[in-house]
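Only one structure is covered here, and it is reproduced in the block below.
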Amino acid sequence: MKAHKKLDKQTFHAHLFDGMSVMVGGFMTCGTPERLIDWMLESGVKNLTVICNDAGYPEAGVGKLIAAGRVSTLIASHIGLNPIAGSMMGAETLAVTLVPQGTLAEQIRAKGAGLGGILTPTGLHTPAEAGKSRLEVDGKPYILERPIGADIALIKAREADQYGNLNYAKTARNFNPVMATAANLVFVEATCRSQAMDPETVITPHVLVDYILTEVSDGR
Amino acid sequence: MKAHKKLDKQTFHAHLFDGMSVMVGGFMTCGTPERLIDWMLESGVKNLTVICNDAGYPEAGVGKLIAAGRVSTLIASHIGLNPIAGSMMGAETLAVTLVPQGTLAEQIRAKGAGLGGILTPTGLHTPAEAGKSRLEVDGKPYILERPIGADIALIKAREADQYGNLNYAKTARNFNPVMATAANLVFVEATCRSQAMDPETVITPHVLVDYILTEVSDGR
Amino acid sequence: MDAKTIIAKRIARELHDGDLVNLGIGLPTWVANHIDPAITVHLQSENGLIGLGPSPDPKDADPDLTNAGGQPVTLQAGGMYFDSVTSFGIIRGGHVDVTVLGALEVDAEGSLASWIVPGKRVPGMGGAMDLVVGARKVIVATTHTNQGKPKIKTRCALPLTAYRQVNLIVTELAVLEVREDGLHLLELHPDTTLDTVRALTEAPLHVGTYTMMEG
Amino acid sequence: MDAKTIIAKRIARELHDGDLVNLGIGLPTWVANHIDPAITVHLQSENGLIGLGPSPDPKDADPDLTNAGGQPVTLQAGGMYFDSVTSFGIIRGGHVDVTVLGALEVDAEGSLASWIVPGKRVPGMGGAMDLVVGARKVIVATTHTNQGKPKIKTRCALPLTAYRQVNLIVTELAVLEVREDGLHLLELHPDTTLDTVRALTEAPLHVGTYTMMEG
């Protein structure tokens, strides 16, 4: 069994380093592991590349890391509800790469599933095509999109069982399962721990999970 | 709601035509819709292109269609447990395209997910690369694999709820969920029907399902 | 009726029993209020569900159940949750029957600009680019003009959301179909005139037989 | 000990606590019987589960629960089911720590031939090509010879399963590691001699310090 998988703050901090890349689950902070983000803030780690669906809000989600000046590059599908991210982008203190949401999901999946890339029609003739190769398959054009991985992933689960299997709550699922496949180390913040899960309903198999923080009782 | 989704034999037969392509779920007949295959046999439809993980056994799964001479082309990852398929391949009465299992899954997924193809390292320098393009991404070679779709998919589910949502039994899941995304019409053989399913545990959303045959009570 | 209601009611008539539909943020969400109660339309929210129901009472709001705008929503019977990969597989794979989106500009080729005003607003494309490419039918819901200036152009000037994917444009003045040769007038609102619509539309209009929109 | 037991026992020692392992059909499945009971190894079956348990009593066999050979199996506590796309995402994505496969031929470059004898046997590659490319460590479990003829070649003559992916070759006579410059002898079985192994191996062997296999 991969360690005991229970996460404490010291262990988490030991895995952080300046300039690292971090995937963060969640969609407009629904399904975002806020406590792991707080622990990142406390650690002082900086110059981060953050991969997340969006920029969150100024005071929630990855927005907290952005507002604290810890993020140098953000890869996301939109930043509209975080005006701080918008003005930092304008001021060039934050590099933002905007990616269509479905393409972002596929790029992360490609990394997690060992693909060299995928061909998508999404974004043809738009700024999303800039700097990318266009390929024709059976007479139709596609953009070649490359895999996106990260040093670590921060995942929010509803339940983690004793083996480390995960499930998710409603639309808080979003990017969490795919990000759990695409990072070198996967840190999970779970609302609760259970003994075991119905093997038909596991969403993220325990073999993908490295460390688990349970919201209420662990770690502090 | 897409019709009532309840399938009878006449409706099924009305959708069949010679030369059509058919995806069939299952893995060595675990999770194969045997009754829909029997209905295909009864219909007399022939010259089929069958897409299935394997050739089944001579008397089970797609093996029944192969043994009856209804299949002209089989796309599969192995045919080892069906000697009839092997000898028909040798005698050139059955064209067999062998595809790595993971590549087959990705090709079907690509079709269902609207991708123009995927890049995989699987099969490089092997016969699986024959006739395909090789691409380099970040200095590493990959094979470009194209989407595979079909006119119809035959799916075996455990439970279908009144809306047409599906789940699957244990390892009988295998290729069924992905095939339900990649065919023009999706026919499901379900072991049982229920009122409703926990929305967290639906594997195949009802919008992908066209017709459902329940094993015990429907249709005959 | 105000402009938004005219547009939403007209678009609702494009939806059929059993359709899977994605409604964009803003005006498009109004369409849900006008769907014929005799049919069942399944609403998808690209953050991960099919079976989008009405907004809950604030006291019943579940932080784990939101729409693509981050607002609390509910799930209807028969609905289900899935992750972002599955969601966009459904979208890009052609399983969404209709998507309805707003526009900054839309043009005679059916191209749409809706996500960026360079130097001013950079919210990002979110799921819009995938939706416009993937849905079988793309309907643009927009007021005919913005501060008196036409939004329906010969060619979009703003960066595109998608190239040549729009099928139908519904405004408070007219219903326009995008065909190979440009925009065709299908319907005209009784409170306006053909000349007015022509004047407020930058793109040339093909006008043959047309009918009147609901008043 | 017979050849199969020697090979299976030795390979079992390559597995570590927490490893995700895929054992191919035939000889590789024997490895499961020799895993140190003090460690937990998670066995994957590529048809859709992690947590492969022992074969059930025939009376308890569940037709919906099989391994990749179509044989009835059981699921261990903590295990789970998934579909083929997920299964091969796990495999190709580098999440499988060790895969153990049989061989028709394996060569000095670490290439493997295991799925076809043209004109004679065409069972198909199944999941083997993905496993050999995707797993972090690829171990070939094979008898050293087939009817007296070497299976360990300078270059495979048969069509490949994968090119340069094998890390370790374990036979009843020796343990060989594949490195950039070819095959290195790590261990020799006490019942044989270096000269015998050289004679029964077509590929050249690098021989430095080596140890003895368990007898």
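Lettered A, B, C and D in written order, each chain numbered from 1.
Basically, a contact is a pair of C-beta atoms (placed from the backbone, for glycine too) under 8 Å apart; a residue touches a chain by one contact, two chains touch by 3 or more.
All figures in this text were calculated on a predicted structure; none of them were measured in a lab.
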Pair of chains joined by more contacts [C-beta pairs], A-C or A-D: A-C
Rounded Å distance, subunit B centre to subunit C centre (Cα mean): 34
Chain centre separation (subunit A, subunit C; CA means) in Å: 29
Geometric centre distance via CA averages, subunit B-subunit A, whole Å: 33
Two or more partner chains touched - positions in subunit B: 106, 109, 113-115, 120-121, 168, 170, 199-200
Residues within subunit D bordering two or more other chains: 49, 75, 81-82, 88, 91-92, 133-134
Pairwise touch network: line, ring, star, complete, or other: other
Touching chain combinations (by label order): A-B, A-C, A-D, B-C, B-D
List of subunit C residues in touch with subunit B within their complex: 17-18, 20, 40, 42, 49-51, 75, 77-82, 88-95, 133-134
Residue ranges of subunit A in contact with subunit B within the complex: 106, 110, 113-121, 135, 137-138, 140, 142, 144, 146, 167-168, 170, 199-201
Subunit B - residues contacting subunit D, complex: 27-31, 53-54, 76-81, 86, 89, 96, 98, 100-103, 105-106, 109, 120-128, 158, 168-178, 203
Residues of subunit C touching subunit A in the complex: 45-49, 62-70, 75, 81-85, 87-88, 91-92, 111, 116, 122-130, 133-134, 159-163
Parts of subunit B lying in touch with subunit C, wherever the complex brings them together: 1-3, 109, 111-115, 161-163, 165, 181-182, 196-197, 199-200, 202, 205-208
